[in-house]
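Structure provided below as structure tokens; questions to follow.
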Amino acid sequence: MRAVAHRPTPPPAWQPRTDPAPLLPDAEPHRLLGTDAMAGADPELLLSLYDRLVLGRRFNTQATALTKQGRLAVYPSSTGQEACQVAAALALERRDWLFPSYRDTLAAVTRGMDPVRVLTLLRGDWHTGYDPYEHRVAPLSTPLATQLPHAVGLAHAARLKGDDVVALALVGDGGTSEGDFHEALNFAAVWRAPVVFLVQNNGFAISVPLAKQTAAPSLAHKAVGYGMPGRLVDGNDAPAVHQVVSEALARARSGGGPTLIEAVTYRIEAHTNADDATRYREEPEVELWRRHDPILLLERELTGRGLLDEDRRRSAADAAEAMAAELRERMNADPVLDPMDLFAHVYAEKTGQLREQSELLRAELTAEGETR
Amino acid sequence: MTPATTEARAAAKPATMAQALKRAMRDAMAEDPSVHVLGEDVGTLGGVFRITDGLAAEFGDDRCTDTPLAEAGILGAAVGMAMYGLRPVVEMQFDAFAYPAFEQLISHVARMRNRTRGRMPLPITVRVPYGGGIGGVEHHSDSSEAYYMATPGLQVVTPATVEDAYGLLRAAIAADDPVVFLEPKRLYWSKSSWSPTAPAKVPPLGRAVVRRPGTGATLITYGPSLPVCLEAAEAAAAEGWDLEVVDLRSLVPFDDETVCASVRRTGRAVVVHESTGFGGPGGEIAARVTERCFHHLEAPVLRVAGFDIPYPPPMLERHHLPGVDRVLDAVARLQWEAES
Amino acid sequence: MRAVAHRPTPPPAWQPRTDPAPLLPDAEPHRLLGTDAMAGADPELLLSLYDRLVLGRRFNTQATALTKQGRLAVYPSSTGQEACQVAAALALERRDWLFPSYRDTLAAVTRGMDPVRVLTLLRGDWHTGYDPYEHRVAPLSTPLATQLPHAVGLAHAARLKGDDVVALALVGDGGTSEGDFHEALNFAAVWRAPVVFLVQNNGFAISVPLAKQTAAPSLAHKAVGYGMPGRLVDGNDAPAVHQVVSEALARARSGGGPTLIEAVTYRIEAHTNADDATRYREEPEVELWRRHDPILLLERELTGRGLLDEDRRRSAADAAEAMAAELRERMNADPVLDPMDLFAHVYAEKTGQLREQSELLRAELTAEGETR
Amino acid sequence: MTPATTEARAAAKPATMAQALKRAMRDAMAEDPSVHVLGEDVGTLGGVFRITDGLAAEFGDDRCTDTPLAEAGILGAAVGMAMYGLRPVVEMQFDAFAYPAFEQLISHVARMRNRTRGRMPLPITVRVPYGGGIGGVEHHSDSSEAYYMATPGLQVVTPATVEDAYGLLRAAIAADDPVVFLEPKRLYWSKSSWSPTAPAKVPPLGRAVVRRPGTGATLITYGPSLPVCLEAAEAAAAEGWDLEVVDLRSLVPFDDETVCASVRRTGRAVVVHESTGFGGPGGEIAARVTERCFHHLEAPVLRVAGFDIPYPPPMLERHHLPGVDRVLDAVARLQWEAES
């Protein structure tokens, strides 16, 4: 005979919120939302985070500028969310895997990927195109939440093979509503897969605010229904994100199973350059979040601790500027594309009809004098 | 702004397909309180293509609702709403993002009438912006009509003109069957002198139309490929081929009558669409035309379609999309010499 | 400025269970799992539940017998789960809606539906076929969890129309893993739709035990992630189920939004007559649950309170026998089917090709001398 | 029981298609530790059709895994497993229950190789029991091959014989592309003298085969309709029609060579399948055969298919399924008089 009751006592009754989900932080919400990681953190970590945040911000502004010059098809800026992406990616070991969503370019860059390759999808010369195995970065995923079960499957496979590998999967607040989110978290918990789910709750899914997305007390609360730990963190507090993600990774690595982390942040820019955010939100709200900027917060801490002087500040800015200049230059060169590649990777071997079709295109291109 | 001033403003300049679609929903909602619009970003934002712009302002959030981000949930909820007597109009944000709702569409939307012996029809319109040519990144340019055509119980409708965009969408919303309403996104901004102040009468669903009369061969097409075919027909005229262009408008039900009447007259046909060729709509169309018109055919019915590949990235899409030249090449292969 | 923190404090860390989910109840688990509804309940309610449980059990055995005689294509018996279905359906008002899954034949019968019509799907003469509007019973749903968003949509529509209607949606423990479960609960909570979700946790999804389905402390805990109340109830305690469902319905009716209820019960028979449960579970486990039989529990209470004597017992059994006899008789008659109906309800109006195809079939049938 | 005794036992009597499929997975798992089976009830129970019976016992739960009940999750997890170098074999319990996984299949499984320029191929086999004729209630008898055929990046394979069940499944699991492996459930219990002790060599994917040589007309078919066509060919022989029967085996890639060689020889063709006709596989097949063999054709390529309706309930399915008579009726309409 097993335990006396085969169920724990019923959960307490949750009273759904009656007030609309409040969206505005107070003047200094990070202290409420963050851990005390900022104060406790190692100076080197803080400085490394700082450099990368500055770089990340510059990457965002540069990429957005490139859309205006027609050099990118579209760019979903993560300005304001740099701390989430940079700190989380930095917490990974090299052997670990990252499963980014389309907005997570900075997470990919932080893993060491060539920024131009990261931008392939958004530039429009191929669909992500890069080799995921090089830096263990899965293709930036566009269909929302669909990358989460991939992360679970990969983590599960790694564990079965006895490899000490954890998968970090990123998703947005909107993405948590998709069925794939549910199925992935459930599989992860049942399989105790070494995977960490990080929700960047930036307040919006395009125009839809969080209050229309969920009635849960927090997105982190969703962990409860899967039997995994849920963690809530100030997503603009880089050391806090780093700490919470590191703990979750360690837990996963040591066989403790998955964790769901909600990082509360804000999408400062419109959804993409093609979006017009003034249609659905007010400037004062954005302004409040600007004052809670992740770079500002870190600067304040670093300055307070005497770790950041003008020189250090300038060297970070210079490095970012150099990256931007190189990016600009490389992106301003037209990519050399071979239209025949359209048929190259549909199957391991071209089917008969793909051979026919590629001949058709080759003939057209020859006629146009355009093929290589 | 009152509807009257909106009208006056819109009437002042040629209307776009996007405006016609919006107007169709607006008029349907005004006439019938059971019409409800729902989807991602359809409310405050008015949809990423602004097709539902102003509906929430005019009819309230309960009539035009921003849903949580979950397509199966949206369509599933629409099923329940339809069960209770509403006429939901669902927006799928892009073609590929309708796939999460596939089970609801195939196993419920298409079958509820049949399952209940006609007691519980589901008058749901599923609007799906489809096709490429707008420089969209992956998953934003699929032509998914083959999936819907292969599903009995669904009507599949797609406008190619501004006027039809209005008329067919009104007809779809009014239909007692579920309709997958495919909107050719690269025609959203195409214009015509159709005036939203004088809505045309609602055309019946299931009727093709001859867009250009001709005698030498028939181009059978729909949606985003109609302009391509009309342009090809103009170019062909210069080479001495007089092409007839048929716009299907409705893939299901299929208007065999109009299509076959044309092909019997011309004796030659090319099916043109942007969807991949293999397993795409063209196979069905070519096969049924051949079955019905075999002895009138001077040449096999040919197909000009997208390649059998995943939709390409923006920088390569022009190589994929069937253009005027490919249509003319196919026309040239219609064995004209055999005739003389 | 709104509230100081825009989030409540982080949820407590959930420690996933390390022991495999225990499946066996102790000798009298209902006392742990149930409410005190049994003792407090109105005698009439108890007796009414009793009659219907007895009827339901007989319906199950009769239907199973009919599969052996080839009169039903398949039957998923709910023996052991009668209390869930009967008590929940009985808690509904006539104007309310029921969204059953394929195993919920008793819930449909309890709503007043003709048993033969309820069995249409399983007999194989049509796909459910009955008029859902007659008793406000949606078609028995086969694709798991897909009926849940329907219930939400209907409840939402009813509320928009100002109708005092609640939808009760049934789903199995296995069904809770599907994405549609997640999406439905989330929509319900965000819309505060008047809908009640009742999970019959019968321990198995065909052969798969609950421990392979979820790592959550209970399925009721899943409510937390949607911001709705979760309730756990002994699914074999009919008055308890009735009470918990009634409370949830009242809550929904008064604008309080949705509730998720987990009723813990057990599937005494195999998944369907086509399944062989000995392949995946041991008889002693089944035996334990037989001792926790919903009819036994109720009989014990009724007898203890002097409400059930031999006569009363016999009259319930006789009514059940009469129902079974009638069912047998009616099901033994071959249904009169018109193959031409195949084309009748695909669209409001037959398409051209359906007209052609129906003529083809008509010609074939005429040749066979078979059409009506 | 050791594999040897299993083999000895199985060899004693003719093997069923179900046994051949099981044996194919077993052999693949024994040879290649990266082959993993996952799905609903595939472990302890051995699957509702017992196709995976014994795999968990022989290889452990980690190699043959009962998953939670969520098809998108199963296929999505398989994607991740394949990313890490495994070769997942996914079982979808029934055709219609693969629909929840549609987005994963279309947007990821079919496209990952292309998306990553060949760096990340996904060698996943998705086993889908399909088709009717077994008295299954709603959702248990769909023929969903048209959906898969219309999706570039997927191979679509379906065996019609016991021997092919083994060989093609081995080939599918060994393939570096994702394969939708459609198992005709009403042939699960069909037998042959194929002996599991002497596994045939693995046939290449993408090759059709002539199952019965003939000269008068070609029946083009696959999966559950092969036995129907062979029976029809026998019956036709009695009426003086000598029919050739081609079993496609692979819908994607499509073996134009074998099919067209046959049709050019016979000059007449009927495509036979159980899937609905409109938008079904037959349209593509008829269209491409016509494109390639037009001047060899004495009559249009005809199609015999399921009606364009949701799959019927058990008691009516025999009226829906294309049987010998319907095939013969189509053969009779192949304009034989024109020849003489």
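Order of writing sets the labels: A, B, C and D. Residues in every chain begin at 1.
Simple rule for what comes next: contacts are C-beta pairs under 8 Å (C-beta built on N, C-alpha and C of every residue); 3 or more make two chains touch, one makes a residue touch a chain.
Just so it is clear, the model here is predicted, and its values are computed rather than measured.
*Asks:* If I compare contact pairs by residue number, which of B-C, A-B or C-D overlaps with A-D on over half of them?
*Replies:* Within B-C, A-B or C-D, the interface duplicating A-D belongs to B-C.
*Asks:* Ranked by contacting C-beta pairs, which pair of chains comes out on top?
*Replies:* A-C
*Asks:* Which chain's mean C-alpha position is the greatest distance from subunit B's?
*Replies:* C
*Asks:* Taking each chain's centre as the mean position of its Cα atoms, how many Å separate subunit B from subunit D?
*Replies:* Here subunit B and subunit D have centroids separated by 32 Å.
*Asks:* Just curious, how far off is subunit C from subunit A if you go by their C-alpha centres, in Å?
*Replies:* Each chain reduced to its C-alpha mean, subunit A and subunit C end up 41 Å apart.
*Asks:* Once you find the CA centre of subunit A and the CA centre of subunit B, what distance in Å lies between them?
*Replies:* Inter-chain centre distance comes to 35 Å.
*Asks:* Where does subunit D touch two or more other chains at once, residue-wise?
*Replies:* 67-68, 70, 72-73, 96, 99-100, 103, 107, 111, 114-115, 138-139, 152-153, 252, 254, 278, 308-310, in rising order.
*Asks:* Among all residues of subunit C, which ones touch two or more of the remaining chains?
*Replies:* Residues 126-128, 143, 177-180, 182-183, 186, 190, 212-214, 341, 346, 351, 353.
*Asks:* Would you mind writing out the residues of subunit A in touch with subunit C in their complex?
*Replies:* Interface residues on the subunit A side: 1-11, 13-17, 21-26, 29, 32-33, 177-183, 186, 189-190, 192, 212-218, 220-232, 257, 264.
*Asks:* Residue numbers of subunit B touching subunit D in their complex, please.
*Replies:* 72, 96, 99-100, 102-103, 106-107, 110-111, 114-115, 138-139, 146-147, 149-153, 252, 254, 275-276, 278-288, 290-291, 294, 299-303, 308-310
*Asks:* Can you name the residues of subunit B that touch subunit C in the complex?
*Replies:* 36, 62, 67-68, 70, 72-73, 75-86, 88, 100, 103-104, 107-108, 111-121, 152-153, 155, 175-177, 206, 252-257
*Asks:* Please name which positions on subunit D make contact with subunit C in the complex.
*Replies:* 40-41, 43-46, 48, 66-73, 96-97, 99-100, 135-140, 277-278, 307-310, 312-316, 319-320, 325-326
*Asks:* Provide the residue numbers of subunit C that touch subunit B in the complex, in ascending order.
*Replies:* Touch residues, subunit C against subunit B: 126-133, 138-139, 143, 146, 148-158, 160-161, 167, 179-180, 182-184, 186-187, 190, 341, 344-348, 351-353.
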